[in-house]
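Going by the order they are written in, the chains are A, B, C, D and E; count residues from 1 in each one.
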Amino acid sequence: TDLEVTHWWTSGGEAAAVGELAKAFNATGNKWVDGAIAGSGSTARPIMISRITGGDPMGATQFNHGRQAEELVQEGLMRDLTDVAEKGKWKEVIRPLSLLDSCTIGGKIYCAPINIHSWQWLWLSNEAFKKAGVEVPKNWNEFVATAPALQKAGIQPLALGGQPWQANGLFDTLTISIGGKELYEKVYKDKDAKVAGGPEMAKIFAAAAQARDMAKGSNVQDWNQATNMVLTGKAGGQVMGDWAQGEFQVAGKKAGTDYSCLPGLGLNGFLTTGGDAFYFPLLKDGEKSKAQDVLAATIVDPKTQVAFNLKKGSLPIRGDVDLAAANDCMKKGLDILAKGNVLTSVDQLVSADTQKQKEDLMSEFFANASITPEAAQKRFANIIASAD
Amino acid sequence: MAKQNSVSIRDLSLSFGSVKVLENLNLNIRDGEFLVLLGSSGCGKSTLLNCIAGLLEPTEGQIFIKDRNVTWEEPKDRGIGMVFQSYALYPQMTVEKNLSFGLRVAGLPTDEIARRVSRAASILQIEPLLKRKPAELSGGQRQRVAIGRALVRDVDVFLFDEPLSNLDAKLRSELRVEIKRLHQSLENTMIYVTHDQIEALTLADRIAIMKSGVIQQLDDPTTIYNRPRNRFVAGFIGSPSMNFLKGELAAEGDGIVFKAGGASFSLDGYQVGEALASGRRVVLGVRPEHIRVDGDIQGGEAHEAVVEIEEPMGADNLLWLKHAGHTISVRVGGARRFAVGARVRIGFDMTMASLFDAETEERI
Amino acid sequence: MAAQSPSGRPNQLFRNLNAKIASIPMMLVALVIFLGGTVWTVFYSFTNSRLLPRLSFVGLDQYERLWASSRWIISIQNLAIYGILSLIFSLVVGFVLAALMDQKIRFENTFRTIFLYPFALSFIVTGLVWQWVLNPEFGIQSVIRSLGWTSFAFDPLYDPDIVIYGILIAALWQGTGLVMCLMLAGLRGIDEDIWKAARVDGIPMWQTYLLIVIPMMRPVFITTLVLIASGIVKVYDLVVAQTSGGPGNASEVPAKYVYDYMFQAQNLGQGFAASTMMLLTVAIIIIPWAYLEFGGRKHG
Amino acid sequence: MANISTLNTAADIDAISSRLAPGPSGRKPRRVLSPRNIMLYGTLTIAALYYLLPLYVMVVTSFKGMPEVRLGNIFSPPMEVTFEPWVKAWAEACTGLNCDGLSRGFWNSVRILVPSVVVSIAVASVSGYALANWRFKGAELFFSILIIGAFIPYQVMIYPIVIVLREIGVYGTLTGLIIVHTIFGMPILTLLFRNYFASLPVELFKAARIDGAGFWQIYFRIMLPMSLPIFVVAMILQVTGIWNDFLFGVVFTRPEYYPMTVQLNNIVNSVQGVKEYNVNMAATLLTGAVPLIVYFLSGRLFVRGIAAGAVKG
Amino acid sequence: MAKQNSVSIRDLSLSFGSVKVLENLNLNIRDGEFLVLLGSSGCGKSTLLNCIAGLLEPTEGQIFIKDRNVTWEEPKDRGIGMVFQSYALYPQMTVEKNLSFGLRVAGLPTDEIARRVSRAASILQIEPLLKRKPAELSGGQRQRVAIGRALVRDVDVFLFDEPLSNLDAKLRSELRVEIKRLHQSLENTMIYVTHDQIEALTLADRIAIMKSGVIQQLDDPTTIYNRPRNRFVAGFIGSPSMNFLKGELAAEGDGIVFKAGGASFSLDGYQVGEALASGRRVVLGVRPEHIRVDGDIQGGEAHEAVVEIEEPMGADNLLWLKHAGHTISVRVGGARRFAVGARVRIGFDMTMASLFDAETEERI
């Protein structure tokens, strides 16, 4: 049966990963009809939501982990996958289990998680540091210290794309890696506006201001263009999720020799578990519904998990798969995961609305050097105060 | 109701929004009559015609055509044909198509259509033009096609809305004659709108003179010309305009005379409608051709005047004279010439003059 | 038969029935889509609808938040700057070009085609091309620097202070051709005798244009104004394609705010509040104009 | 002959016997390089350069290879002309798993374009005709609403339209998309048609009514044949608008109908490392080709139609 | 060069592309003369006027104004003022601004401007209108303002391009008189383009009749009317048109007679330009007012005719008669009425007739 699947995975590594998924699904005798929408989730999501609410849903669609599809489920537009989950013993194999929590609404499971993405990575270009004649830094603080040397060598210290979500991600990463788990949970989980406006958070904003100076002059829009700057040694480093890994891989670069990766910015070992999941709109056609179940099972299947995540550069959602083929960076991530040093991602803790407001703030802050960290923090505290 | 009425309009009113264009208008047009609606621009002539045609809905009142109440009927069902000022030929169709369009729309059989078209074409002598498009015709030919379009419809009433006013003077006078001929041979009722008085005078059996939506006088051309009902009609008809002298009636001798600017004019020969009271303020109207100059004066009194301007017009010669403060226009034969500044003597032909009340402006 | 009463008047509803039937699509679009959609939007702007419209009213909360948002304020400012400048420049450039084209020049067709062709391209394409031409690494700046002026700086799209002008350059490139065409058509509609009269009076060319011709072209200016103004309010694609609202939120516009909050932030209520504000602005500008244009002379 | 017939009085004969006097005669001599001409053509040429520059850059870049593009100068002509970017853009560029470039979207665009243009123009022209010639109570009110509708940002209307289309069951179909294009083309097109029909002589309409033609007969047999210029304008506006549309194409249809612009957006936005500017430019040119061709073929009619339709307000 | 020439045109040619509109045209206009250019539409009248004004560049030839060669001068420096058919008033300016605009641009002192404007306004009697805009004026008032705009410029030569043709008949005849008065008081040279022969006849000192860019006859109105140079001029002037009878000359008795359709007409009284040869094929032209009917016939021969149509025109009555296969129009007094179909006797006034060669169409 033909099943149309919409997603926004269009960059090199992403597309390769989708290819694996499609291959696995086609192997079950069904047909994957690709509905890629380029331009990241912010372009694609409105289209997906319109189609689902408009009564012409696709067979399956990607969303991020979190609350993006909550209301669609509540409206009864999504297919209940509990049966598939039980058959596949998802509750037992999926790790961390919090991933499944965000798929669970009213005790029923509505989505199939496919990968884990963590934001807290610092990607460094070994070549760039060699050119600048400094050691490749071991953590964020060292990285900040090398900035003048890089600049002198005509190298952009920090690459940062212009899209708002990148600035926002950088900030969240700084919060976790510099501020630590407690601060992170107080601010985002408990939504404690006092903490958000407090001195702990002020440090984060100071760091963000530093990052702002380092990122000044990276005139690119897309994240992978920023990654490309690191890849070609035009920039020293980039804070970006583990999906950046895929770009290095496609370019044939070797972790450790060509580039370095520092999870948790090399400061502490916490990763958030965001990522992607597939949702299956309720369809009238029985045949298609069956195909949806098959796809859901395929997604969680260990073989698919391995093939997909290797290409994508993300981490698998189950602990029982063997990722011998994984490279150094992924292994570092798997280690942290195994240690259980995971945090729920901001996406899951706050609503898209709050995220958007944060994004607006951060993109303004990072683009405009005239906004003081103090002023930004005050606005941040306001957002947290009204967050939901 | 008199059976001979072809078109009959009862208490017709029409307003555009708050502007009343026609008000309580009544008009009966006899079968086979050629009626001309004459009036200055904007007086509501076209509006009235459009009401008769069914292209505008009256606000109130009724319209009868051939004794049938057609107030609410579609234009095509009224038995009328209409010819427009701008011809309104369908530019993309040949003359033949233009003529037959209405018939084809009505679904007439082909041979009947062909018969009617060829009859109309022969009446109007446009057979050689049948295959041409309107753009390839001259103004006069276009006008003929436009008439033909009404002709093929075999209607009882023809409506013309200033059909000649886009043409030049020469063509206008030729087509005028043709329309007159057409009417004589077809004997249909024709209602003809114009603001050209020559057209009105030459074509009409009766003329209806309109002013701001009201019919001022409805009469045959001679009566209208010679015995205008009021000062508006008198001034509107005739070119150059009738001369008006303001003054008052005075008793002189055993009769009543007209006094203006020091001069007094005997009213001998004037056909009085009502009794003339001395002291009444009146206006005397005399047409330029009813003033005799010098040698032409046939008895009666004569007044002196000075030639101010001379306008030779070929067949005639128009003089503008100064007389006791008034400027008076006089028409003399084309062969008689006068020098500007010359003194002449003039005499009024009172049998052809008109007297109006100064207040009501109605004819006395 | 004189007694036949005027009650023979047929039902007004059925007069010109075909015309009314044929107008149904127009009426439906006007009523259901534009009016209905507007009412619906305004209605839900008083709720806290998230991903899907919900009837939980929160009063004016969405509006308070809207006007407290710095991004919205910037959007409004940007729209004002962009709107006023693009109005002025479109009209001025369009008119000047049209006036030049009206001088019985050679190659008129060629010039006209050159000025008009950008109008055939979408805003996406326009944005893309200009993003590239204005890109400091590849575009004009780098070319001029490579010619020796190494300190030359022209990177409007990456400078928050002037980014809106960078967008304006592209917008004018795309839209002035049409304005030129409209103006040209207007100029050609001016009575030939007016030009002659002005020449006989010895009035210089520029004064003839400024004091005589332009005032006579009022209808053209109005049509043009409607076209440009409706485009200005809707500007979205161009910004997305050129800068995505960046750097930071320096080039945000209201339409983008609406879109982002409706779909990305999944806060329909906020998006609707913003669109209501836009509609309100439009209404304040348009309704008096529409009244003058269409109400004033009913039977045109 | 002409001269002879003017010989009348003695004075005339005097004058003519002297014939042409010395001094200026005939056409005033004009230098080609007069200041006026330099100003005129100079300004026009500079303006033309501004308008042509982006097109030049697009064309030039699309024929360069990537290495040359990286070299930096976007204005230099290609040292080595390559058609590879064009081939890639047309047939090879990937989005997600589909690597057939724009070619797929092209036919979708055509499939969307033709019915949408036809239907939207048909509906708008009939509405404009009804407004101009068959005024009835309230018509102007609807029209005013429609004109105000021209100012509503599309984004605002997406949700209500999704709901409406869902309720009438055409969401996601080609029909639905055609309806959407018709709706959004309505205000400006109706305005154009209304103004145009209103500028035709009313008497033609009256004559046709007297001839017994009804609403549709007048429309098809009298009005349509006289309206070529305005139809050309409407067609150009709609062809450009619909062909260039991205939002509706993607929101209101499903992937098998995605128009070319969606592919363009995908190609342009799914960058792998360095943006392949040459491919992007080729794709851009390919996408813009149809409206551009329409323009170049009908530019003159466009101006005529604008003059007829838009200006007489 | 004769000093008295105000405007003098030498060997003027003008082509639009390959279309020759004017060819080798020569024309001398005397100081203070009122010259009317008369011709049918498209014959090049406006083109000639625009050349004189400097609004069109001649292809060849020279133009002198006040004996100054102005062929290459700007319109404003030629000392001309021009009045256009469509008035061409600046619509957004008040009447006063309209009048003074050119002067202000020329940088005249304010009081001088005020003086000239008020003088023009008082001559044209438009003082009360000075603060109004053109849209608030009637057609005649607009025309006056347009004339005023030429007047304030204190020019030697006035050019008028069909200044009255947009007005209705009544207003036209009024303004005609005013323009004539204006000319009498200003004594400027005036060149006046029209296709209305009444205007030409009434206004002109001399009329130039044009046809396809060539002047057919240049003479004073009486000569043009009574002694047309060729058949074109004869037919063009006079309304209704001159009656033309094709026939040939024949010897009868001791004189030459004109024979047409079986009837023969004595040529007694005709002023012959050249010798008349028997057998020559000719066309006899007689104007409608030079045909006498019934009682008016003063001796001479009489022919019988049948009344076909009667057109009463108020002051006159126009008869269309059938005579020996020809249709002949006859003008009689407005008071004399005839029944259609009646038989009448007619006599031609040969002193006023014209004879044309059938081939060359030139007057004999």
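Basically, a residue touches a chain if its C-beta (ideal position, glycine included) is under 8 Å from a C-beta of that chain, and two chains touch if they have at least 3 such contacts.
As the structure is a prediction and not an experimental result, all values here were calculated from the model.
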{"item": "Both-way neighbours, i.e. chains that touch chain D and touch chain A", "value": "C"}
{"item": "Chain labels contacting chain A and also chain C", "value": "D"}
{"item": "Higher-contact pair (C-beta pairs counted), C-D versus D-E", "value": "C-D"}
{"item": "Averaged-CA centre spacing for the pair chain E and chain C, given as whole angstrom", "value": "55"}
{"item": "Distance from the mean Cα position of chain C to that of chain B, given in whole angstrom", "value": "54"}
{"item": "Centroid distance [mean C-alpha coordinates] between chain E and chain B, Å", "value": "26"}
{"item": "Residues of chain C whose C-beta touches two or more other chains", "value": "137, 259, 262, 298-299"}
{"item": "Shared-contact residues (touching 2 or more other chains) in chain A", "value": "46, 53"}
{"item": "Residue ranges of chain D in contact with chain E within the complex", "value": "1-3, 5-6, 8, 11-12, 14-16, 18-21, 23-28"}
{"item": "Interface residues, chain B side, partner chain D - complex", "value": "50, 53-55, 74-76, 80-82, 84-92, 101-102, 105-106, 149, 153"}
{"item": "Residues of chain E touching chain B in the complex", "value": "40-41, 168-170, 173, 176-177, 180-181, 184, 195-198, 201-202, 221-222, 225, 236-241, 287-289, 309, 311-315, 318, 320, 331, 334, 337, 340"}
{"item": "Chain A - residues contacting chain D, complex", "value": "4, 6-7, 9-12, 15, 18-19, 22, 32-40, 43, 46-47, 50-51, 53-56, 58, 222, 224-225, 227-228, 231, 247, 250-251"}
{"item": "Chain D - residues contacting chain C, complex", "value": "40-41, 43-44, 47-48, 50-55, 57-58, 69, 72-75, 123, 126-127, 129-131, 134-137, 139-140, 142-161, 164, 182-183, 186, 188, 190-191, 198, 214-216, 240, 243-247, 261, 264-265, 268, 277, 280-281, 284, 287-288, 291-292, 294-296, 299-300, 302-303, 306-307, 310-313"}
